[in-house]
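Let me begin by handing over the structure; questions about it come next.
A, B, C, D, E and F label the chains in the order they appear, each numbered from 1.
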Amino acid sequence: MNNLLVLPLLVPLFTSVLLVFMRRSILSQRWLSGASSLAGVAIAVSIVIHVKKDGVQTLYMSGWAPPYGIAFVGDMLAALLVLATTVVGSFIVFFSMGSIGEERESYFYYPLLQFLLVGVNGSFLTGDIFNLFVCFEVMLISSYALIVLGGTRLQLRETLKYVIINVVSSALFVAAVAYLYGVTGALNMADLFLKVAEAGQGGILNVIALLFLIVFSLKAGLLLYFWLPGAYSAPPTAVTALFGALLTKVGVYALVRTFTLVFGGMPEVTHVWIGWMAGATMVLGAFGALAYKDIPRILNYNIVISVGFIAFGLATANRDSLEGVVVYLLHDMIAKALLLLLGGLIIRAAGTGKLSEMGGLMRRNALLGWMFFATILAVAGIPPLSGFAGKLLIVRGGLEGEHYLLTAVSLATSFVVLYSLMRIFMAAFWGDERATASATDTRKAGLLLPTAGLMLIVVAMGFGSEWIYEFASEAGRTLLDPSSYVQAVLKE
Amino acid sequence: MTTTLLWVSLILLSLAILGALYRLLKGPSIADRIAALDTIGILLLSMIAVLGITTGTRAYFDIILVIGILTFIGTTAMARYIERGVVLESGDDGTNH
Amino acid sequence: MMRMIRKTGAVLRLIAMFNKELLMSSVTVLREVLRPRLNIRPGIIKLDTELRSDFEITLLSILICLTPGTLTLDVSGDGKTLYIHAMDINDPDELAAQIKGSFERAIMEVTR
Amino acid sequence: MSVIHFVIILPFLFALIVPIANKILPKVHTGWFVLPLPIAIFVLLLSMIPSIENGSEISGSLPWIPSLGIGFDVYVDGLSLLFGLLIAGIGSLVLLYSIYYLDKSKEKLSYFYVYLMLFMGAMFGLVLSDNLMVLYAFWELTSISSFLLIAFWDRRERSRYGALKSMVVTVCGGLAMFAGFALLYVMSGTFGIRELLETIPQLAEHKLFITAMLLVLAGAFTKSAQFPFHIWLPDAMEAPTPVSAYLHSATMVKAGIYLVARLSPVFSGHAVWLWMVSGVGLLTLIYGSYRAIKQTDLKALLAFSTISQLGLIMSLLGMGSAAAFYPGTSQYLFFAKATTAAIFHLINHAVFKGALFMAVGIVDHETGTRDIRKLGGLMAVMPITFTITLLGAFSMAGIPPFGGFLSKEMFFTALLQIRELSFASMQLWGSLFPIVAWVASVFTFAYSLLLVFRTFSGKAQFEKLEKKPHEAPLGMLIPPLVLASLVVMFGLFPNLLSHTLIEPAMAAIHFTGLQPQEQFMVSIDMWHGWNTELYMTIGVAIVGTAIFILQRRAAWVSKPLTNRVSLSGAYDDGQRLLDNVAGRLTRLYMTGSVRHYLIYIFLFLVLSLGLTMWLEGAFALNTEGMATTSFYEAVVIGALVLSAIAVPFANSRLMAIILTGMAGYMVTLFFVIFRAPDLALTQLIVETVSVALFLLCFYHLPKLKKELVRLPFKVWNLLIAASVGAVMTLIALSASGSRKFESISDYFIENSYKLAGGKNIVNVILVDFRGFDTMLEIVVLGIASYGIYALIRLKVKEDENDRPLGHDGMKYDVYAGIRSNDVILRTVAKLVVVLVLIYSMYLFYMGHHHSGGGFIGGLMASAALLLLAITNGVDKIARIVRVDFKRLTAIGILIALLTGTGSFLANVPFLSHTFGYFDIPLLGELELATATLFDLGVYLTVIGVASTILFTIGRDK
Amino acid sequence: MSLEMMEQIIEVVFAILILLGAVIAVISVLGLIRLPDVYLRSHAATKSATLGVLLILLGAFFYTWFVHDFFSIKLLLGILFVFITSPVAGHLNARAAYRSGVALWKGSVRDDFREAIKQERQLEIEEIKNRN
Amino acid sequence: MELYMSLAIGVLFTVGIYLILSKSLLRIVLGSSFLSHGVHLLLLTMSRLKTGAPPLLDEKAEAYVDPLPQALILTSIVISFGVTSFLLVLAYKAYKKLGTDDMEELRGNENE
């Protein structure tokens, strides 16, 4: 019993409910959001420390032990992802204060943002497959509301597509749970691990596994990412950053969790699919990043590429690659948030997202330029920044697992990442000064401080890779051998 | 004996539902369909009453009441829709004077 | 006390009359439905009612509706006239008089 | 942490300080701040020579990611010392030069020096690292700082182009190298360079050995501009000339050479290595020298010359690797001489090319052009520059007595020797080597002459120049003068370097193959007698002069061989092609049509699931243990199927909505048949409220068009839909046929009342066993209502013209019922509403034991409110029921939350419920369960949500 | 006659009541199908709501009362509720049909309502004119 | 029964997806309803349609049906209700602002 585990979900939940009552006072909304976000970080830190010290933590909701009740399980992976979520969430809350505008702020922006964190943290922490669905829905419905908040034409149009696709994928999710329940009669993931192992994963269970793969891939944007570039280009920057950093990662997390724990038994079937999908995602994502000359799309296809890369690590599923998946996930959450925030600032500064209409920003906002430049390097995995360690581990794992083609693809696409983003940098910051009439001044502390904070983390994560690895490797161990997870949950 | 009678009733009622479904599909006017839907609601309710006896379950009697309520609300809403083009009016009352 | 008893009697009378009407006209309608060839003369008739309160009018309408073969189509804006769709009209005036004579009277006895 | 770490880190610190210093002392040229650094480092490194000469190594380590085998470990041996001196030495000279070259008032100097310091630090790091990954890090950093330096004049299109191109090529190579390093790790288990060298024997056995080698070479070749990766170097000349002198001739481009030399012990002795390194080197040599002749831009000429010279060094390293075929024999030293030549030429090249670049920079700076067609006769006005150029060019051409002559002689020697190698098919093909090299040397001779004489002799045509030329300031002349004097010195006293630098470097490259107690004795002599090499040199001079003379007259010499094939063009075309293909492909499938996206998804689903099902033989139909089907159930299934199938054929909105509602009712019936009263209740109410919502939202839409679509559209849709349906059915059948475990339901049945105090098991599961689900689920509802509220109310200004896309906009028909009398409805509704509200509370309260509960009750109450709204109008309701439903929702959630939160105080798991029987005054004994309180939260939330939604939409005009 | 037999007979009686209700329901649905216009069909539809449902629910009520020994208030409430609301629903629907322009069956003999609607429209038009 | 239910579920999925693939927003939203019906029945079917009393302990039966899937379905019904409502309002709003309910007219890839 460890009620600490539910706090990452309760704190934002309480906050959001209280924020509803503060609708009229934007100032107090800001204060509360900020304070609660920071509290979230502190809680997440203490969970990480707990897990580090005492191993996998569990909480049986309402006191009902699994497999009967819902269990929250804080293994290192979950704890770290929750930490990353709270960190990103906090920075985005602070960024929002300077960027989102009072109109949206008075229409439930902050509560919705906190609700989203509820869903995300819940997804990471839950050890129950149906509860995972419920957490997903909390996250999704908040994302629907956030993405359309403001109701511009672009937002309405893209949200429609986003919602329709997600409605389908949610239906498939429940169907998959139904099938799985039909065969195993279980919902708790640790219990499922035992039952699937006992039944032998072949036959229909592999089909069901594949259905789960499709469902989570839809969320993660693994191969089935068609909805992503459009949807993520519609809302304001802060929201896009939040989504790019967190939402796809939840899908990735679900993939990692289910395909190491529940369906880890037959990699020769499932992981081959994951591998192919990962390769195709990286390639198509890279093409996408090269295809467009506007910032939102280039950035969004970069999100896709990294999903493919992480999935490649999952497909390999050896020690190096799983550790790499954890390290890279952490990096990608922070760095993507930063990248997307900076991308949004560039669009603001230039008044347009089109590369052909901007230029020379370096002379107006050099700090922005250099932060963007460094972020590009981090995202491309250039040492010593944050992306390097994870990339190295996944690549090394891929080579150890003899996935040469995929390794080659992943390296080639990591080049595309650098190249496509450098094109933005060059177009936006170099050359003669150009901007459209709607350009605004981005040299404001409210915008630059949160981004600079994230930047510092990216740098620190790079130099402190060993420190991060110490935690991540523990997470990787659980993924490689789920027995400690299962024992902690079922107390056997 | 009783069982047979009840089963025959069930079959009759389900056939009646099919019949009403025919009207629902056929129309031609929307009011026809609403009437058919209303009828289906009532038949459903009856059928559940019978099911409640055959399975010996009292729990279904709640459903009967609820169907009754909802059929009414549903029919009202739809009739309002075809008559006035809106379901909820912003005016003070239904008459819109 | 007397009033109470009288009212109760009126209510019971209303119910009894309604049940009689219900059964009789049900049989009629069911017969019509089952007849191989339709032989009916439907139409809408007007009924000027003396009932005034919302409750009275509503009660009358409901009773008319419940009775097979008749259906309250609408109430005029001033609430003085009911439009009734009837399944088989021999003589419209007779039908209206019949309703007035039975339901309307019985209701008035209950409410007034 | 050691002093070597400081060598690496200090430049980075300086990079941080430069902008600050620039702010504090804006009047001082920024270059002066940083100049002391390379000088100090140079001196420091010089002081290390004695100990290195004695064969000792200086090392230090600083942990970074030890778990991944990555440490910031550094060491100095002969090879790194040599490179370190080059970097510091040339660096100092270039810095001094740049102070005069770059105008303080015109340029953003702090950027320049920050970049330059970044580069310098990276370069030191690269050559001093003992860890492959750290080396890789610095490697990429050199590419990046080079990128920034090339684009220093970022307003110029050509600068940006050159910067990007150099980055594309070198970073790609870097990634290949990265992969190669990772492979080496997989084979050896270490990233440590010295540790790696110890595992050599087992490495070569590995099946990926060659792959790793080729990947590493890809890195080396791109960085050192080897054919065909040289294309970036000419475009890199857009950088300010100090940069060209420093990065693009003396140091960065030598990183590839360094890498090959450094890893030579690992790979040499392998035929592929020998052939790749020497072959590519020679090819580059001849290609670069040939292209150099065709250039009219001085810097371009120097660029191609650099390419060519790098090829020369590369090929020498390759030939030197032949020694590894004879470890521990006298042959070893024989072949290792090529390596000596490589090192010697590396130094020579750094010196003379540095001088030449600076000289050309002076010409450019003072005349405003680098086009040799405009230049000429500068000898008179710029005698010192001329002298420098002459010395540098003669050394490059291999004319005695300069250093270049000596290294070229050694080069010829190596070429002739290599034919004697009995491995790697060298006896067959080795004869080609000297021929190729000789031709290349001819070209080299020719362009060296071109460089000097086209610029400085001949007819002066100053009128074509932008400025009136004169000699450069002294500060700008000193650095090239220093280099020029070194050119002379190394020619006259070649052995000055032999013991101090070349021998230790040799030891670093060839430390394995020597016989015991043997060590490298390098002695370079000016005169070897009349040997083949000398004849070759004489030939070079004669033919080279001929070409120089012919160059003006014969078009074939000066025109490119062919215009069609150009590698640089191929790069441009490739880039365009890639963009095009990417654009076409992406736009092909990313149509923006959600239907297309869904089709992809469904196709993938059908294919992947179908395929797996087939391959796994997963389909199993096992009707045993299935429930029987009675006739009426079959009829109900029929009704459901019928109403479902009818929906696509519906030709009005209402019809479609009604049919969907019908299907919903049929589903309800199933819930009844399968004994799920709570579900049936919920489904019923939800279905009705949904129908009401549908009607609310769609009342103003134009008539539903019969979908005017082609038949294929429909057929395609049907096909996909049906196959998904079929797959879902097949899985359902197989899954229900292969159930292997009993469900956990017995536990709930046994303990629902005993432990959780409720008789309605479903409700107990909802509020207790899985109460957490429910808590989040009301949150979902709450969010939906807030989202809907914001969606309808919030209108953010848009800059675009805010007009609808479509056709007809909204049409309001005049309906005939506006004035109808609602007396009957209103009267009945009053009664019904009261009844339903009471009933809803009953449902809520009884929910824990009977069917019902918070949801059903709440929905029921909302249904009552809906009816009230229908009959009385929304505004009136709003006036009567003075409740902010949004807050009601929040209150509901809050109550549910708070019942759970008590658990924190009681130190029991979150959401733990208690129940008991309490004696409450007046009410008597009452069962009170916190679960009921939780359910109250649910009840209120549902009312709040449903009402918020209904009234928000209802009041939207 | 034993008690058991009595019970059985009672059971059967109530079952027959239910069956009768079901038959009436079927017949009225037949009317719903057969009858020529929406108004007439409404008549038929109301029948299953009144007599049919009355019989079935009463049957069920007594059945549970005597056989299962359970007095269900909810069933009684249900009967009452259906009786109150179902006619209102029929009325609303028929009115809506008429006002939205669904014509009477051609065999209809009389329409007093048409005149009233015409007048109502006239009034409305005048009102709009006055407003302008 | 499971066999027929599975077939019916297949039909529900087919109809749902067919509708979702059409152009009109309303049809798409309705399609999502069918999908959720299909999914809910699937959950029910997967829990074995064995007979037993409803999961109410007052019924004093020997065997009860599996209550867990019922709770799951209930949760899922409520969630789909929330989501469908949102989608519906979104469609409404989109129509009002964009002037079309044809998804094919809402591609808009090029004008961004």
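To be clear about the criterion, contacts are C-beta pairs under 8 Å (C-beta built on N, C-alpha and C of every residue); 3 or more make two chains touch, one makes a residue touch a chain.
The structure displayed is predicted, hence computed values, not measured ones.
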Steps in the shortest chain-to-chain touch route ending at subunit E and beginning at subunit A = 2
Give the fewest steps needed to get from subunit C to subunit D, where each step moves from one chain to a chain it touches.
-> 1
Chain nearest the global centroid, as defined over all protein CA atoms shown = A
The chain whose C-alpha centroid lies farthest from that of subunit D is chain C
By CA centroid distance, what chain is farthest from subunit F?
-> C
With chain centres taken as the means of their Cα atoms, state the distance from subunit C to subunit F in Å.
-> 44
Once you find the CA centre of subunit B and the CA centre of subunit F, what distance in Å lies between them?
-> 21
Could you give the separation in Å between the centres of subunit A and subunit B, each centre being the mean of its C-alpha atoms?
-> 47
Subunit C-subunit E separation of Cα centroids, rounded to whole Å | 14
Residues of subunit B that touch at least two other chains are 10, 13, 15, 30, 34, 55-59, 62, 65, 69, 72, 76, 78, 80, 82-83
What are the residue numbers in subunit F that touch two or more other chains?
-> 16-17, 20, 38, 40, 42, 45-47, 53-54, 56, 58, 68, 75, 79, 82-84, 86, 90-91, 93, 97-98, 103, 106, 108-109
Could you tell me which residues belong to subunit C and also touch two or more other chains?
-> 61-62, 72, 74, 76-77
Touching pairs of chains, which are they?
-> A-D, A-F, B-D, B-E, B-F, C-D, C-E, D-E, D-F
Complex contact set, residues of subunit C against subunit D = 54-55, 57-58, 61-62, 72, 74-77, 79
For subunit D, which residues are in contact with subunit B within the complex?
-> 630-632, 635-636, 638-639, 642-643, 646, 652, 654-655, 658-659, 661-662, 665, 668-669, 672-673, 675, 677, 680-681, 684-685, 687-688, 691-692, 695-696, 699-700, 812-813, 815-822, 825-826, 829, 832, 836, 839, 843, 850-852, 856, 860, 863, 866-867, 869-876, 950-951, 953-955, 957
Could you please specify the touching residues of subunit B with respect to subunit D in the complex?
-> 7, 10-11, 13-15, 17-18, 21, 24-25, 27, 30, 33-34, 37, 40-41, 44, 47-48, 51, 55, 57, 59-60, 62-63, 65-67, 69-70, 72-74, 76-78, 80-97
Enumerate the contact residues on subunit D facing subunit A in the complex.
-> 63-68, 70, 133-134, 136-137, 140-141, 144, 151, 154-155, 157, 160, 163-164, 167-168, 171-172, 175-176, 178-179, 182-183, 185-186, 208, 211, 578-579, 581-583, 585-587, 589-590, 592, 594, 596-598, 600-601, 604-605, 608-609, 612-613, 616-618, 620, 728, 731-732, 734-736, 738-744, 747-748, 768-773, 776-777, 779-780, 783-784, 786-787, 789-791, 793-796, 798-800, 802, 886-887, 889-890, 893-894, 897, 901, 903-904, 908-913
So, in the complex, the side of subunit E touching subunit D is made of residues 81, 84-85, 88, 91-92, 95-96, 99-101, 117, 120-121, 123-124
